[in-house]
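These notes open a run of structures that come right after.
Shared between the two complexes below is subunit A, which has subunit B as its partner in the first and subunit C in the second.
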Partner chain A sequence: MNLDFVLYLVINTLVVIAISPLFVSLIKKVKARAQGRRGPSIFQTYFTLIKLLKKEVIYSPNSSRIMRVTPLVTMAAILVAALFVPLVFVPEPVGGIGNIILFLYLLALARFFMALAGLDAGSSFGGMGSSREMSISSIIEPTTIIVFAALAFVFKTLNIFDMFTITATAGQPATSTLILIAISLFIIIIVETSRIPVDNPETHLELTMIHEGMILEQSGRNLALMELSSAVKMTVLMALLINLIVPFGLTTTLTLAGILIAMVFFVVKGSILAGIIGLFESSMAKKRFFQLPSLFAMAFFFSTLIIIIAVFS
Partner chain B sequence: MIDTAIVVGIIRILFVCIIITAAYIISTRNLLSVVSVYALQSLTLVCIALALFSLEGSIILLAIAVVTFVSKVIIIPYFIATIQEKIRIKRDIEFHYLNPTTSLLISMALMLVIYMALSRIVPETPTRDSLFLFGAVLGISLMMMGMMVTFSRKRAITKVLGFLSMENGVLLFGMFVTELPFIIEFLIIIDLIILVILTTILSVGIDSTLEDYHKRLHRFHLLEDSEEAP
Partner chain C sequence: MIVELFILVILVLLAGTIFPLISASLDRRFVRTISLSCTIVASILLGSLSLLNLLSGEPVFFFLYQPIPLFSLSFVIDRLASFFLLIVAVVSACVALYFTEYIEHMDGQSRRNLLCGCTNLFILAMVLIIASANTLSFFLFWELMAASSFLLVTYEYTRDETKKAGIFYFIMTQLSSLFVLLGIIALYTQTGSFSFSTLSVVSTPLITIAFLALFVGFSIKAGIIPFHKWLPYAHPASPSPISALMSGVMLKIAVYGLVRFLLNVFTPDLWWGVLILAAGTASAVLGIIYALKEHDVKAMLAYSSIENIGIIFTGIGLSVIFTALNLNNLATLSLLGALFHSLNHAMFKTLLFLTAGSVVSATHTRDIEHMGGLAHRMPVTSALFFIGAVSIAALPPLNGFASELLIFMSFFSSSFIVADSLLKVLLFICLALFALTSALSAACFVKAFGSIFLALPRSPESAAAHEVPRAMLIGPGILAAACIILGVCALQIFAIVGFAVPLPDMLLVSLLLIGMAGLTYAVLYFTASREVRVSETWGCGTLSQQASAEYSGHGFSEPLDVIFSAIYRTRTKNERTFFDQKNCIFKEGTGEIRLLKVFEEYLYRPIAEQSMKVAQCVARFQNGCLDTYLLYVFVTVIALIIFLGWFA
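After this line comes the complex of A and B, so read on.
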């Protein structure tokens, strides 16, 4: 492990934590504008997180140790997963970091603990949220694996760092297969971060909530950790899409100017993607639970097509 | 002359557009957007014909592009949009045999089978072979997907749209593999226009003007919220 890599670890973690609340508020802002409201300020998520960090944590008397460790485990798993996706600077991969399968399992670990915590407090909302989340994830997981398999087939590698190096040095975006991958990854982002056709992140209505239901019992700094971890997860998935499809600005050498430029580029591209997500959400209604597989089937269809193209031509 | 590699790249991207539109047509339940997506698909075909024209320079491709643009991007979508305004059906949620998800999965399998079959039949030519093979596969797959739309939907309008997208597949196959005589292409398009007009008559009323049929719909309580009630 060389100095470059240690610096990468620090830079990537700091950038992802600093940027992710911004994207969450941007999406809220775009949605508010689309509905004709003014919406909260784009720094509102930062304020909310700071406020929550100052508040006291209250546990239900029925809850066990799982409730106490879940925010930490979730945050840790997501942050380690964030290390697998370079945002601004791609170093040489060290050890198993960047492996696509490990990345998926880290996300699954975070989700597993979140579902356990939903059940743990014994409230009926939490149990319902956990049950729904697990049903959805059991359908979306094969699709996610196929999408990542398609990525591996196209780039002939299992390591995200190598993929980014290929796209960053090739410089030219958007070959035809990458468009299909972009659509599949977009659907994955929507599902994994509980956005509108799947789940509504703003509502606390018992019929619809999935993600909110699970974190209903969290309070204080634990809630802040949960919110931050879901924001980081969204940013990481967005970074995966951005750096694969429009990689310009991504740097492979460690210089201060290069990293600053890359950071500016990343914020701009991420804001555009956040705007697209916001518009997409505004244009859709929430789907019925049993119609969700048709959304996943679309991603499945496109990525299987990529594999067919990659294998046979 | 434009560089061949760039044109081939553009054609590949257009192929992807066709796949996306076909998947959308097969899986959506929203009738209003199906027509515009069909027009988009035809427009993509026009672009492919133009790109091929810049590659080969054969004047027939240009003629095909013009005829397709006039008929399938402008006239037919206009007719179908008019029908939709008259009959006021917005959603198509009834299916025979297959629901959209299953049809998507089946069409995927079909594509694989077609690829394997065609790669043995189509002779290997050294230049641009993968592009032409892919075009042929896509053409037949589009035909199959259109066929699935035709038999899995219950509404007449979606059935017709499935048939139209089937014809798009024939056109695509014809552009890439065989040399369809232009006169046949032209006749097919005239047939399609007649078909669409027939559909208008069938779905709006066989023996009457549009206004007459409106009244009849009211009598049978098929149409409720309308201000021109008798």
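After this line comes the complex of A and C, so read on.
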């Protein structure tokens, strides 16, 4: 482990924590504007998080240790997963950090704990959220793995760092493949971060909520951790899409100027993507839960198409 | 050194078998404790000998006794054998440790002595199978294993459920033996010897038949779909430690058989690999889909064993495919994945069966709908089960993930090495299904852990449950530690045994996880409010929370039930009678939704009915009358004389 890598750990973690609430607010803002409202300030998520940190934590008497460790484990797993996707600076990979399968399963680790915490208090809302979350994540899994396998196939590597290095320095694969990868990754972002049409992050209504239902029992600093970790997760998945498709600005050498420029580029690109996500959400209606498999089948079709094009061309 | 140790292991296990049998009428604790101590001692010896051999890598060959010229009791312990011996050793030691306490809470008075003896015999049979140096002794010990495990399954023979399971198991296990014997005979006809020697000929129809017969035989024993049906019957019926032994070790013996024959005897064709891969993937997906639906905790674990055996077969299939394509690095990688998963599955499945056994003995039910709230009542058991659940759900950094990652990586890497496009598409399809499997197993174990341990107790028995004695915690505790070490230090362990695998450094990842959690905690400690209150949370205005309003296990898996309804095949029955002719005034009626047992109703039963028909035809010849039998003998002798006179 060299100095570059240690610096990378620090920079990446700080950047992702600092930026991700901004993107969450941006999406909300875009959605509000699309609906003809003014919407909250783009710094609202930061204020909410700070407010939550000041509140006390309430545990249900039925809840066990799972409830108490889940926020920490979730945050840790998501932050480690965030290390697998360089936002602004790509170092040499160390010890298999950046392995695309391990990245996926770190997200699964966070989800596993969150789902158990949903069941822990014994409230029926939490159970419903957990059940739906695990169902959705199970049936989207083949699509996700096929997209990731397609990435590995296109870039001939299993490591996200190497993929980014290739796109940033050596040039990108053919446009057709790139578009298909972008579509598939976009669908994965929508599903993994619980957005319309899969889930509605705004409501606490019984019929629509999945992710929000699962974390309904959380409060105070624990809720802040859950909110922040889901924001970080979204940013990381967005970064995966951005740095593969529009990698300009991404630096592979460690210089202060390079990193600052890369950071500005990343914020701009991320804000544009957040805007697109907001518009996409505004143009969609929440789908009925049992219609989701057909949506996922479509995503699976796109991801398989990448492979078929890549294999037979 | 290794030979002496091995003979000592056999002797100790024999002592453990015979001692409780000669004192069978003595219902004393010390008889059973001594017998099980023999198991533990033998396991420790076995473990050290296999570790010694695993590290040195020198195959040891020795032979004990030669009753007839063609057949000798000879043994060989090479690295493959010692790897599987290690699995047997670790699992047996932990199970025996757990058993010393568990057996005292069982019914059956002095019959329990026989149970101990049989357990020793069962372990002995498995050890001897692994060490066998020729196919004939392999088969003999295979039969010994089948017979002793049948006795173990039918321990509670008075219960109807056990009787049915016992008969089912017996038939399936004998079918398995039959196919293995067929394969061995076919090999003998081809080569003229019973030794595990590499065939010189590439492939003849006879060799293909031998492979197929052995594959079916091992698949039945391993529980590959569609030969899996005995598992969900036999596991719930037998005592929990026995289920743990059968699922943890016996299934691996079948894996061992397959790997041994593939590596040492056959030169596999490509389609063999495709066959094994297809069977493995199908078992993995269907196994976990059925496990999701199950609410008997032990049947659920049995289905999950089917899934994991499917994963192991997937790895073996990949390895065979890559060997046939001359991609030796990838072949080694996927075979290592399969073998490592065998070890890992032995660890976490034994752990889960033992802790499930503790839960069942504390709550007196196997139905997870009647459990709940046990995390407060059985804190250590719940923590141990949790480690098992995280491992089996293939989550980093525990061991289930490490081995599945190896298989995932061979899938991923194959995509840019394998040249054949069609094969590539097949590999991608299998990869997608494989990913579905591991995601569903996470869902399945969230359901299991949530229903068993979290929220409020859903039955008075569950509310009154308390923690099990210490001996029943140590055994699973060792296994839980093994799960953590095998996962976190996977890369280092592979380096010690001399394989450079492209695994990520899980130790680094675990350190990062701990570091991030510590940092988060520290930041919160200094910035956030530290106030904590335990109070009723919002439950939609109800005065107090009711266990009946909780999300049940059934409710949890309902969305997946609906999504996979085409696979579950439910039958809805609705019969109503009415008072009037226009069907307006309802009189009475019954309605039921029944899960169709697809394999049983469309595969097993037709075959069973056909064989019953054949049996009835044959039975006509057997009228029980001596004269008729004399006539048969007479006719046979005449026919023989004529045959010999004309043709010889």
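FYI, the second predicted complex is superposed on the first by the 309 of 313 C-alpha atoms of A that agree within 3 Å, B and C clash if a C-alpha of one lies under 4 Å from a C-alpha of the other, contacts with A are read in each partner's own complex, and residues count from 1 in each chain.
Methods note: contacts are C-beta pairs under 8 Å (C-beta built on N, C-alpha and C of every residue); 3 or more make two chains touch, one makes a residue touch a chain.
For clarity, every value in this text was computed on a predicted model and none was experimentally measured.
Trainee: Between subunit B (first) and subunit C (second), which does A:S294 come into contact with in this model arrangement: first, second, both, or neither?
Mentor: Touch partner of A:S294: subunit B, not subunit C.
Trainee: First (subunit B), second (subunit C), both or neither: which does A:G258 touch?
Mentor: Neither partner.
Trainee: Kindly classify A:G275 by the partners it touches after superposition: subunit B alone (first), subunit C alone (second), both, or neither?
Mentor: Touch status of A:G275: no partner.
Trainee: Could you tell me if A:I183 is touching subunit B, subunit C, both of them or neither one (first, second, both, neither)?
Mentor: first
Trainee: Classify the contacts of A:F153 with the two partner chains as first (subunit B alone), second (subunit C alone), both, or neither.
Mentor: The answer is second: A:F153 touches subunit C but not subunit B.
Trainee: Compare subunit B and subunit C by how many residues of subunit A each one touches, and report the one with more.
Mentor: C
Trainee: Have a look at where A:G39 lands relative to subunit B and subunit C in the superposition and call it first, second, both or neither.
Mentor: Touch partners of A:G39: none, neither subunit B nor subunit C.
Trainee: Taking the superposition as given, does A:L305 touch the first partner, subunit B, the second, subunit C, both, or neither?
Mentor: first
Trainee: Now for A:T175: first (subunit B), second (subunit C), both, or neither, which partner does it touch?
Mentor: A:T175: touches subunit B, not subunit C.
Trainee: Report, in rising order, the residues of subunit A that make contact with subunit B in one complex and with subunit C in the other.
Mentor: 293, 300, 304, 308, 312
Trainee: Would you pull the subunit B residues touching subunit A in the complex into a rising list?
Mentor: That would be residues 9, 12-13, 15-16, 19-20, 23, 27, 99-101, 104-105, 107-108, 111-112, 115, 119, 130, 133-134 of subunit B.
Trainee: For a test of understanding, state which residues of subunit C touch subunit A in their complex under the given definition.
Mentor: 372-373, 375-376, 382, 390, 393-396, 401, 405, 408-409, 411-413, 415-416, 421, 424-425, 428, 431-436, 438-440, 442-443, 446-447, 449-451, 453-456, 491, 502-505, 508-509, 512-514, 516-517, 520-521, 524, 527-529, 531-540, 545, 547, 549-551, 555-560, 562-563
Trainee: Looking at the complex, which residues from subunit A come into contact with subunit C?
Mentor: Touch residues, subunit A against subunit C: 1, 9, 13, 53-62, 64-66, 72-73, 75-77, 79-80, 83, 94-97, 99-102, 105-106, 108-109, 111-112, 115-116, 119-128, 130-132, 134-135, 137-139, 141-146, 148-149, 152-153, 156, 158, 216-217, 219-221, 224-225, 289-290, 293, 300, 304, 307-308, 311-312.
Trainee: Which stretch or stretches of subunit A touch subunit B in the complex?
Mentor: Contacts found on subunit A: 174-177, 179-180, 183, 293-294, 297-298, 300-302, 304-305, 308-309, 312-313.
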